[in-house]
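A, B, C and D are the chain letters, set down in written order, and residue numbers restart from 1 in every chain.
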Amino acid sequence: MGKQFDAAEVAKHTTPDSCWVILYGKVYDVTNFLAEHPGGAKIILKLAGKDATEEYDPIHPPGILEENLPAEALLGTVNPDTLPQTQTELAPSNVNKEGPPPMESLLNLEEIEQVATKNISNKAWAYYFSASDDKVSKSFNTEVYRSIVLRPRVFVDCSQCDLDTTTLGQKLNTPIYVAPAAMARLGNPAGEAGIAEACRSFGAMQIISNNASMTPEQIVKDAAPDQVFGWQIYVQIDRKKSEAMLARINKIKQIKFIVLTLDAPVPGKREDDERNNFVGASAPVPSGTKRAEDAVEAGDSPGGVGRTLFAGTDPTLTWRETLPWLAKHTDLPIILKGLQTHEDAYIASLHTPQIKGIILSNHGGRALDTAPPAVHTLLEIRKFCPEVFDRLDVLVDGGIRRGTDVVKALCLGAKAVGIGRPALFGLGAGGVEGVKRTLQILCDETKTCMRLLGVERVEDLGPQHINTRLVEQQIYDGPSGLESIRSAFRAKL
Amino acid sequence: MGKQFDAAEVAKHTTPDSCWVILYGKVYDVTNFLAEHPGGAKIILKLAGKDATEEYDPIHPPGILEENLPAEALLGTVNPDTLPQTQTELAPSNVNKEGPPPMESLLNLEEIEQVATKNISNKAWAYYFSASDDKVSKSFNTEVYRSIVLRPRVFVDCSQCDLDTTTLGQKLNTPIYVAPAAMARLGNPAGEAGIAEACRSFGAMQIISNNASMTPEQIVKDAAPDQVFGWQIYVQIDRKKSEAMLARINKIKQIKFIVLTLDAPVPGKREDDERNNFVGASAPVPSGTKRAEDAVEAGDSPGGVGRTLFAGTDPTLTWRETLPWLAKHTDLPIILKGLQTHEDAYIASLHTPQIKGIILSNHGGRALDTAPPAVHTLLEIRKFCPEVFDRLDVLVDGGIRRGTDVVKALCLGAKAVGIGRPALFGLGAGGVEGVKRTLQILCDETKTCMRLLGVERVEDLGPQHINTRLVEQQIYDGPSGLESIRSAFRAKL
Amino acid sequence: MGKQFDAAEVAKHTTPDSCWVILYGKVYDVTNFLAEHPGGAKIILKLAGKDATEEYDPIHPPGILEENLPAEALLGTVNPDTLPQTQTELAPSNVNKEGPPPMESLLNLEEIEQVATKNISNKAWAYYFSASDDKVSKSFNTEVYRSIVLRPRVFVDCSQCDLDTTTLGQKLNTPIYVAPAAMARLGNPAGEAGIAEACRSFGAMQIISNNASMTPEQIVKDAAPDQVFGWQIYVQIDRKKSEAMLARINKIKQIKFIVLTLDAPVPGKREDDERNNFVGASAPVPSGTKRAEDAVEAGDSPGGVGRTLFAGTDPTLTWRETLPWLAKHTDLPIILKGLQTHEDAYIASLHTPQIKGIILSNHGGRALDTAPPAVHTLLEIRKFCPEVFDRLDVLVDGGIRRGTDVVKALCLGAKAVGIGRPALFGLGAGGVEGVKRTLQILCDETKTCMRLLGVERVEDLGPQHINTRLVEQQIYDGPSGLESIRSAFRAKL
Amino acid sequence: MGKQFDAAEVAKHTTPDSCWVILYGKVYDVTNFLAEHPGGAKIILKLAGKDATEEYDPIHPPGILEENLPAEALLGTVNPDTLPQTQTELAPSNVNKEGPPPMESLLNLEEIEQVATKNISNKAWAYYFSASDDKVSKSFNTEVYRSIVLRPRVFVDCSQCDLDTTTLGQKLNTPIYVAPAAMARLGNPAGEAGIAEACRSFGAMQIISNNASMTPEQIVKDAAPDQVFGWQIYVQIDRKKSEAMLARINKIKQIKFIVLTLDAPVPGKREDDERNNFVGASAPVPSGTKRAEDAVEAGDSPGGVGRTLFAGTDPTLTWRETLPWLAKHTDLPIILKGLQTHEDAYIASLHTPQIKGIILSNHGGRALDTAPPAVHTLLEIRKFCPEVFDRLDVLVDGGIRRGTDVVKALCLGAKAVGIGRPALFGLGAGGVEGVKRTLQILCDETKTCMRLLGVERVEDLGPQHINTRLVEQQIYDGPSGLESIRSAFRAKL
């Protein structure tokens, strides 16, 4: 580490044959790493010869640099006086100069999102806010809850009310959990560990994203002994990497289950995210759209943050192959995330006990636009194969913005209700305090709703507390695949 | 009362250990009263050491101060010259400098609300306008009437038309009544007595709010001998207080029935109201949201005006306990307000003759957002247990803005139709004349509608006069609790 | 007529005891006429002592002054030099200084309405544009047509297409007719005679309003020998007046039938119209709303233009009394206008041959807001008692703005389709040429639609050419009064 | 060509008796051609005496001038110095001075349309953008796709996905084809040949418009040997012209089928197009509306570009006459375009093998407003006569803007999905590169959607992949003409 370079010297190495970058004041030769980079070579070449710290830091877990580069890649340090003055550029373009208002003055999740929007970088906003195509599913996720009417019962003692519940065999103080939302440090340096700190205060479960900007070990470091985490896996084409990761996860005692995400085997088309990348990039970037296909076929994807995260993800997963492979590498129960039809929910219910639960999700509207909201899938299961609710814990996420939304999902049979964007926007608005405020508002609203329905405990909520007549008129009424699934399953026995 | 204090001296007493306030030029030591204040200690402490008259006056009935404070609490008078000059601050921020236009130039309730909005303080506006969460129920309350189509019959002599009707055994000149809307003096000094004066002109019934800013005796003072009032009770945790109040009510001959409000056992989340409180407050206030829970659990709620009113309300009321308790303390018939399901309407119909009527209401959308409008509950009762209409008088409130809305509710079986906000906005727009104008417009519109339907008398309106096809497609179609209610009732016999 | 007065002298006579007005340069003493004025005394008193020509002229048929005032009422002439200079005030406030664009540049009825809106006085605009309450029915009248989907058939020779049709026994060149819209001279001096001139060019039928601003004789004066008119009657409380009018009508050979309007036995609440009156009035006017009731009960109505027209109208008409009375005074067939339920359509069909047709109409949304559009009533008749179409000619009006709207009404069984506002706006936009342009656009659009449906003649249009699935889901499904109507009718036989 | 004229000399010949025009620097006497011009005489007379090149060029195929005018019509050349300076006028009024952004920065078809809108002339924009009446059908074409919900299946290997398909017996690399959109050179000089070049890159089929601004031979000139084209015919009143054209088409080996357009036997009313013509015209033009009728009856139509194209089109086509006539003049299979009812689809299926396919289309909403979108017709056929899908290839166009739209149409039974406006806007935005970008985005989105549904090949898409519950509630439920069609067909056998 002895040698000190001038920035001008580093700036000469910008090609696939000799590619240097500056990170945290050190100079690395990453030429040999280009082919291995999960995010593709091009994104590194764009930053070649420059100080890449600002771009690199918020999306990579600390320590991963040392893990992935051989010692000889570290060439020395950069002479800080030779670096261009970039302090003003470092400021995100829409930073809120006066800082956010006190969290306790924010009264609902919408206000928190507005504050976060002014408070975080465009890049973070675009990644958090974006959804696929025209955001039809993203909007519908929330609107569908508003079209369900509540049925409050009166003359019921509602002095007592608590949110304690048991999900996936775990005791929790609230049915509200944090869904696996990636890249928390883009919004606030507290990152996923900050979310964990907030969850600790509320006895809430957290599912750690496969693409977290901190390692699982860092995230659970200050957790309470009985705090509950899940860990989300995107299975890599290079299975060895996933197996190594599972081995690490198996050792973390607060991680109680593995969440296998199935609703995004290939990246959706998130235009806000891609547009931000294009506008902000120093060099023109090939269209994310074209790249989406390339990404799958060539393992290279220099689009927005979202696409980068998909690099290396295995699109070949199947019931037959993937579940046995997982069983070989972990004893933890498996939760399948991203089911959107009653058929898939039913198949999952045939795979107990390895599969202990399912999460109905359209990936926050980020994968396939006009995919159904979780409420649709809940009602579809109730219509075609309600026995699924007896065999598995069914969780949902997507569109939850009010306590009444939480209650409605629980009435339809959900055991727990996940929030993704609200946790990230909470973090972006006010760090740990922002996430706490988010959870506090949602828990309080949920309890107020339960009291006004005349319900004391989460498990007492049922379909008699809601009027879903309008939504029922939208539920799938076509040919069901159940019969052929049952035949195939019987044949296999 | 001899001693005179300088304001500076009073300003030293601002703690729970020594708390003084100035009211109407007098200095009180309220330290010992802090724990008893129905609105909680904090709201007093915020005003400690200051002249609290402006905040106190419009929301407390005259005389209640002397009733609640021991003689020794009155320390003396304040030297008016030492008070800070606040005359400009006293003016509400959005006061209409030119005064409201002549009431007779206002053609509908929407215009009256617009005039009131410019004419009253932000605090009053926020309390009147606010509804829970996203105001979905508040909007739906009105919209649902617009989606009902009228069926006018022709070639009918419509030269005669009157609104006379009998409700709850009382002869009235109009089926339109004033619902129990609190805090009338916030909007105009004429207060609830002003509303009574307007009702007198129209032979309209008025239900006095439990949280009126005048005492019941003050409100009925100038009433006509045959004028009809109801009195709304929020049962207090300290039942003795409620019993004392009932004893007072029993003595007021114009009060013909007790309205027990059930749709708001805990406060809803009214963000406009809370936001106004936060913005206008001299000291930061803990979030109303969090406080809602505290309020229930700790009897303390320093949120908006709405929450303050709930302090001390008993959330443990039940069919089994509360009705017998009421029977012990009053012989007046009981009206249950806030029913929102056919099941609860049916249970109520099993409690005649003590229960003489029910009011279908979602509390003006102020309690639980996405709760059903009264039209939904009317149609639900017609669908599941129409016999309720034979056993009880069914009243409705919420969302009424046009005479056609009144007529539609009556066609569906309502005996009378309440207006809450419109009465308050009428009062805010033009005092007694504003309320009269509101009632006049609504009565005239109702008669015009009846004439054009070819109907002469209120009791001739029926389902054949309206087309509710669209709304029927939204009515609850899930499991009814009727069978288990009937079983339980038979078992009890 | 010899005496000449100074304006200052006239200005002294402004009371019910001595009321003078100036009209067309002459001075009249109208004191004794005050009680007889169909529009009420107050509206005259407002203009007492002044030159009332501008207000009087466009809403009264020429000659009616002489007809109604005794010779001695004419006191003399006014000295024109003594009149205040009011030429600028004479200009309507929103007059289009550059004049309207060439009519042939206007491509649809919406554009014509926009041009008329800039071209006519506020008073005329308010009268034409206004509808009752929130204009829900007015909007729905048009929107309901847009929700019907056409079913074009292909490979059909569409080289021939004409609009010839027979309605009410009359041969017409188009099924589009002009509905009885009042006060045409408010918009353009050509008035109802100008509409007749335009109708002549297109072989279109015209129904003359009872409140036309020209006499029937003036309107038909230049009509073609085979041009077809109907005459609308509002039966007066003073039946002698109506009988005299019928006697006049019986003598006009182009008037082939009498239209008895039933959908507005009392005036609806048209706020635009009333507001304009209030704003524009030189003296405060009691609210139209209150006055609506007065109008019915006391025969006095100083509200907007709309209410004035209702003065003296008889609200006691019935099947039993009114039809025989009409039969005594005219042999012309009777058309009932304003039916809005299948029950009333059915009753009408029991009164052939005196009743030859019915017009389904909600009075352009001007009578009762949220009344059903004619499309609803067409579908209701088709559902409950389609035999009505065999017994009577069914006409419709309300909301027609496109040729496709015309075609859809015809497909549902209408024999002809009326336009009211579009004729008045056409007149306001460009006089006779504007009405011609309106008819031309609508006829051309209708023919284009028929060709594209593959239909050559009006009588070949049928329900197989449209998809009304969406609207059918809104049609009344409640108790039908048909059975009791049939019983009553059988009993009478 | 020897003689040179001054512009002033040419300018004298502007009447039907002597009409000269300047085209490409040459002076022509077109007096004798006036009566023959398919677009009518008036449109030429408007340009008489002037340089008509700018108006003429983009809408006429090169060479057609020489083909249609006798040699003696060419009088000589114009002295260019005598022509008025019009270079600034030549620039389209809303030209984008900075030029369009790089195509790869555009992420969806909406952005491409926005760029094209700034980049092309008003005349081109009006022709491309316009649709009939109020554009209800145009909007609905797209919205109806958004109301269909997708049903993604999980745990399916989606590493493989391709768009190869066989339609009308032709192997194609994508089910997305370019519909017969006319006047491509209005938007970009590359014209229809440019579209062909883009289609070549994607293995996409192209249907050449009857009104292409280039000849079929020019369009296919650089096509790949296996590139697939169809040719659209509007049968002319003068059948000889159509027969001559068919003879030419029969010789072009890449043209594999004839598309007979049936949904626009007479021109629809496209107001944007007509308004542009009126505003931009040097002389007042009789209203397009009136002219629409004239066009059919008199063969003369000086309205917008759209109407001009219809001049001479035969409105008398029938199943009985036209198909045999076609069979005499071509052996190519016939595709019928513009079917909008299940009845017509069924009749078409009785005419195999001459008819090989049908295109469900409402002409992009350009013919009859409120005509049904292709999705409606697909569902109508599925409901009434699904056997049509076995007998014919069913194609659709209209409203496709997203890959999910393509997939939904394929799931409902379409074999291929056409884009019209998007191809023209792509061309207008960036020439060949713009069309390529359009196809690339749509193909990539389609593949992403298929992968996320878990579907590998086009032929595996089916109704089980979509939830059409909402749209099904809008599908025609009235009397079907099928039975009488079957009877008639049996009788004919």
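Convention: a residue touches a chain if its C-beta (ideal position, glycine included) is under 8 Å from a C-beta of that chain, and two chains touch if they have at least 3 such contacts.
Computed from a prediction, not measured in an experiment: that's the story for all the values here.
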Partner chains that subunit A and subunit B have in common: none
Self-contact between copies subunit C and subunit D, residue sets same or different by half: different
Angular offset of subunit B relative to subunit C [C-alpha, multiple of 5 degrees]: 90
Chain whose average C-alpha position is farthest from subunit D's own: B
Whole-Å gap separating subunit A and subunit D, where each centre is the average of the chain's CA atoms: 45
Rounded Å distance, subunit B centre to subunit D centre (Cα mean): 63
Junction residues of subunit C - those touching two or more other chains: 473
Pairs of chains, among all present, that meet the touch criterion: A-B, A-D, B-C, C-D
Subunit A residues within the subunit B interface of the complex: 102, 104-108, 146, 148-159, 402, 404, 440-441, 444-445, 447-449, 451-453, 463-464, 466-470, 472-473
Footprint of subunit D on subunit A - complex, ascending: 133-134, 136, 262-269, 271, 274-275, 278, 284, 286-290, 292-293, 296, 315-319, 322, 336, 338-341, 343-344, 347, 362, 367-372, 376, 473-479, 481
